[in-house]
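Please find one structure pasted underneath; my questions will follow.
Chain naming follows the written order as A, B, C and D, and within any one chain the residues start at number 1.
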Amino acid sequence: MLKVAVVGASGYTGVELIRILVGHPEIEICCVTSRQHEGLPINQVFPSLTGFCELICEPLNVEAISRRADLVFTALPHKSAMEVVPGFLSAGCKVIDLSADYRLNDQNIYEQWYQTHSSPELFDEAVYGLPELYREQLQSARLIANPGCYPTSVILALAPLLEHGLIDPNSLIVDSKSGVSGAGRGVKLGSLYCEANEGFKAYGIASHRHTPEIEQELSGLSGGDIRLNFTPHLLPVNRGILSTCYADMRESKSTQELIDIYHLRYGKERFVRVMPGNQLPNIAYVRGTNFCDIGLVSDQRTGRVIVVSAIDNLVKGAAGQAVQNMNIMCSYSDALGLGIVPTFP
Amino acid sequence: MLKVAVVGASGYTGVELIRILVGHPEIEICCVTSRQHEGLPINQVFPSLTGFCELICEPLNVEAISRRADLVFTALPHKSAMEVVPGFLSAGCKVIDLSADYRLNDQNIYEQWYQTHSSPELFDEAVYGLPELYREQLQSARLIANPGCYPTSVILALAPLLEHGLIDPNSLIVDSKSGVSGAGRGVKLGSLYCEANEGFKAYGIASHRHTPEIEQELSGLSGGDIRLNFTPHLLPVNRGILSTCYADMRESKSTQELIDIYHLRYGKERFVRVMPGNQLPNIAYVRGTNFCDIGLVSDQRTGRVIVVSAIDNLVKGAAGQAVQNMNIMCSYSDALGLGIVPTFP
Amino acid sequence: MLKVAVVGASGYTGVELIRILVGHPEIEICCVTSRQHEGLPINQVFPSLTGFCELICEPLNVEAISRRADLVFTALPHKSAMEVVPGFLSAGCKVIDLSADYRLNDQNIYEQWYQTHSSPELFDEAVYGLPELYREQLQSARLIANPGCYPTSVILALAPLLEHGLIDPNSLIVDSKSGVSGAGRGVKLGSLYCEANEGFKAYGIASHRHTPEIEQELSGLSGGDIRLNFTPHLLPVNRGILSTCYADMRESKSTQELIDIYHLRYGKERFVRVMPGNQLPNIAYVRGTNFCDIGLVSDQRTGRVIVVSAIDNLVKGAAGQAVQNMNIMCSYSDALGLGIVPTFP
Amino acid sequence: MLKVAVVGASGYTGVELIRILVGHPEIEICCVTSRQHEGLPINQVFPSLTGFCELICEPLNVEAISRRADLVFTALPHKSAMEVVPGFLSAGCKVIDLSADYRLNDQNIYEQWYQTHSSPELFDEAVYGLPELYREQLQSARLIANPGCYPTSVILALAPLLEHGLIDPNSLIVDSKSGVSGAGRGVKLGSLYCEANEGFKAYGIASHRHTPEIEQELSGLSGGDIRLNFTPHLLPVNRGILSTCYADMRESKSTQELIDIYHLRYGKERFVRVMPGNQLPNIAYVRGTNFCDIGLVSDQRTGRVIVVSAIDNLVKGAAGQAVQNMNIMCSYSDALGLGIVPTFP
């Protein structure tokens, strides 16, 4: 049994990691940490976990945790993560970091969008944890930078088109919509029920921090320097991201031709479901699961292709992808412990 | 492998049965039926099932299905169920019927609240499928009448009090609230999004058909004839029932004393979670699972006890309980295939 | 033009007062206060108000406000209210206080459920602002204690039955459900979108502070000392309270007979709508308005009457009723400025 | 008093027309029609209207209605509208048609996206009812084609940019999101609560019927032939449309420069609110009202401008705009009867 620690267990990503890990046959959660709820059983913080995980929340003591854990999931805000990740690595733990701290490979860009970085020497080593792109490198990784939720939905939606040079990389427009859990469990005005319910808005236009992460990965796929428009919106649902992506086609392809290309690209990927031509993704069809559903339409009238992807931001966009990465790191099957069937409705 | 058929697969109870059954290690779904979607793969009806179940919807042919299935789940409306259940039994299948047709054991009461019954001779044989009350009889049953969603939440909430004679059975008031999936997937005005969202109402006051079912079972537990008030309400959520039950205590007990009694009663039941004195159930904590969470308060000021129970109406209130019953019928462990962890948020 | 001040303008009750008052033909808002947003135009706090009210939020300075305002609405938490209400009165302002500080007429009971009171000498003078009960006293009041949201829904639902002695006052059970705005705009975990959405729970069983307020008023109506069970629940909607009230009838009356009694009692009340026998209230039908809709059923089987009432907790349960009280205080028509038509859906 | 008829009163647009019209000081509703609810008082169909409008639903008899009404609102599906509009006009009524039947001015395009048209001779006469563009023509109109909900939100968002030639008209991408009431009150699977709640999807990509309507009006503004991508999405809220529009700027302008242009363009329009640079629209801020809120960002990194607009699809997107058009037609002030303050939350 692999011993894993969940650092930052009292957020929505933390509880989601625990939800998935308690059903995983090859691991054992040896420790959960929460500064705020130190001393409390985690199932008092999240009564949903009663009967599954009743560990006491510990303070974040790198040394103490390293002695017990083989692998650590750090589910902390950016900046807090970089304060502990190097310590866990030095102590011999593998680390899957769910923050933004090791996702970018250019320190300047990181510091421009976030703040000063205290361990940029790890940038080269950290592997970007998108299995559909980096499976090989992940197998031998010691530090995995788990992708952002929006970037996961966007990169998977566009990778096949960019890899085949089918679209103009300067024409990209990405309009994304995320459920409220994406804002975390911190108590802030904008996350209140009455502020979000029956509402809908864009936010962070032309300035959201996931923009450089998306651009870095899409640029890598296209071979050029991509700048795109990424507009996030706040959706009145608990979970789910839907990204609607627009691009000018370089040569005219029919919807079916493009779907065939996606099937070829993702045919062996357990967690990407390419939809038939008469169907489009819905966040309701992936709820609680590690799937990314993709649908697309080629618009002959305008020469554009519209690709729509749906994920659960807390699963494929966070905890589920982290467990998939752990599976790859540990040579388990990708889907071990992730065979959750979507709950509909 | 046990071969099972899901008759009436295109409703919410049908898709929920499939969701649970595809993860069950000892069974194989051999057939799904839907008159409306005959010829279509079930995952075109419910894209969430893609990759898990892609069987073609068949017409409801009792003879053809009986040849292939060992056990049949009938997820049909009342009256439609009684038209096929006797045939399945005659052909040697075990049947778990999710309709109301075999839940009442008094034909007069059935016909008073529903309509004429065509196979009342099965009333004696049918076992009421509430494992926490009838586990022994269920083991050898051929026909199981799966309980209604509201009755499940109410009977489990009140059983310990009635079994110990702790409350006045004539004082019972039950105020229940159910998510919209309880109304099924039929297209009707009252189930439209805009009619239910941001709304809340009581319905069927003093006339809901689950009343005699609740009274039958509670009367059995108390040894007398119980008449109670049961008021259902429509809650703007997809899933979940919360029942708030009021009763006059015969002798004063503290909250903790009563909780202890519930712990004793349900200690060995995998799917009943009795909450500590400082917590109360929330439908969000049982979503997607077969749990019934129970909390209670003894009000010394008024001499009443208030018991609150929460279930997922589609799981413990329908498909999950049906699978639990199948497990008991087949001598599997109660929880086989039902180890789903609640998804929160 | 009457000059009014809204003290505590940045909460949900505050913005609702402003929404209603800007449409009132006889008043002018001369001042809005908010400690948190001091110096900011109120329409930057609530962009919905742009074009209607763009006053700058001021600090709460009793003296300065008293010089400009004829009447003050204090929309502060209990305890904060009592710190300023006596000052406004001394300075010659009329006050409508939306907190709980002057609703109870027994200091002991107040201090038992809340905390020490610093101006109990005002208890006798304060008039409980439920126009359907105290219209006459309100006309000459200097200080009005605007009722709590739950109490408003419960008292209006039960008054006719108690006034006519039709029910056993010791049998009362009240099961209420409120939208999330009832918890205010303060940032706390339980008010987060993901904590409330798709959830439902009871809270404060046998201990909610609105209990003594309900008991005080119902006792007054019945002539005896009433103790009842009041159970609030948190409903995943922005606005609305639905109260389901149960009582044993002293003599058997039909549903229609009871409805007739309610029609007689409330026939002249603009804001109480008694529903016909085949209809039940829905919070969606009163949204944004000052109505209290009431429906009822007499259950001959159990001898109980079930009364259901629906209000908008921010309107009839707070700001709307406060304006109705102001109208009465100022000898305007009850409904002046309150002719809002419900928005459905 | 102007006598108006609401034809098709039992849909969401119908009830919304009535909600607004009962508060209008210069008109009287003389007739409401509903085939489905003929003979029933409209407040039994919509209990929210009790006390405001209790007219009996009549069958749709053009002759009988024409004798009583000066002006008719036809709130019927396309195709049904064209069957009665010519009759009302011949009988001397003014008509405001809320269907799509008279919005397009090219019969070929209409028949390509809809079906055969039976009164194309009215195309020239019908005035497209967007006051911000056609106020002058509307004053003398006999037949007004009330705009579609999506087109209203998109045209108002983009008009100033196109009028000033600030953007490349071939670069337009419009990503719109609408609440469920946009699908009407018809009972269909996709409008069920459980199908829409906690879900989100795109639909009608590259094929939605509002596309030619948007293109017609934007082409008129730009002077060239515009083809754009318009992608509607279904939002789990009752009301509201948010459109996020992307365009390449022809010359670089700052956010503030563009906002100034919008202020100039819409400064005298009562129902367009241009937001300051640090704010973005939210459908929650316009709920129940006739406002169109517009915010924008100039992205110097990509050279694109992103314009976001928010309306209530049932008000500025339907009934409210219809009343605004009536006001203009009748030489009342634009805002008469439309001074509704947004309800937040």
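Operating definition for what follows: a residue touches a chain if its C-beta (ideal position, glycine included) is under 8 Å from a C-beta of that chain, and two chains touch if they have at least 3 such contacts.
This one's a predicted model, so the numbers in the text were calculated from it and none came from an experiment.
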Sorted by label, the chains bordering both chain B and chain C are A, D
Using C-alpha centroids, which chain lies at the maximum separation from chain C?
A
Distance between the CA centroids of chain A and chain D (whole Å) is 38
Can you compute the centre-to-centre distance for chain A and chain B, using the mean CA position of each chain? Integer Å is fine.
36
As a quick test, compute the distance in whole Å between the mean CA positions of chain B and chain D.
45
Among chain C residues, those touching two or more other chains are 12, 181, 194-195, 197-198, 236-239, 282, 284, 287, 345
The chain C residues in contact with chain D across the complex are 12, 15, 19-20, 22-23, 44, 46-52, 181, 198, 238-239, 273, 275, 279, 282, 284-288, 291, 293, 339, 341-345
Residues of chain A touching chain D in the complex
173, 175, 177, 194-195, 197-203, 205-206, 227-229, 231, 233, 235-240, 242, 244, 246, 280-284, 287, 297, 299, 301-302, 304, 306, 308, 310, 345
Along chain B, where are the residues that touch chain D in the complex?
12, 180-181, 185, 187-189, 191-198, 236-238
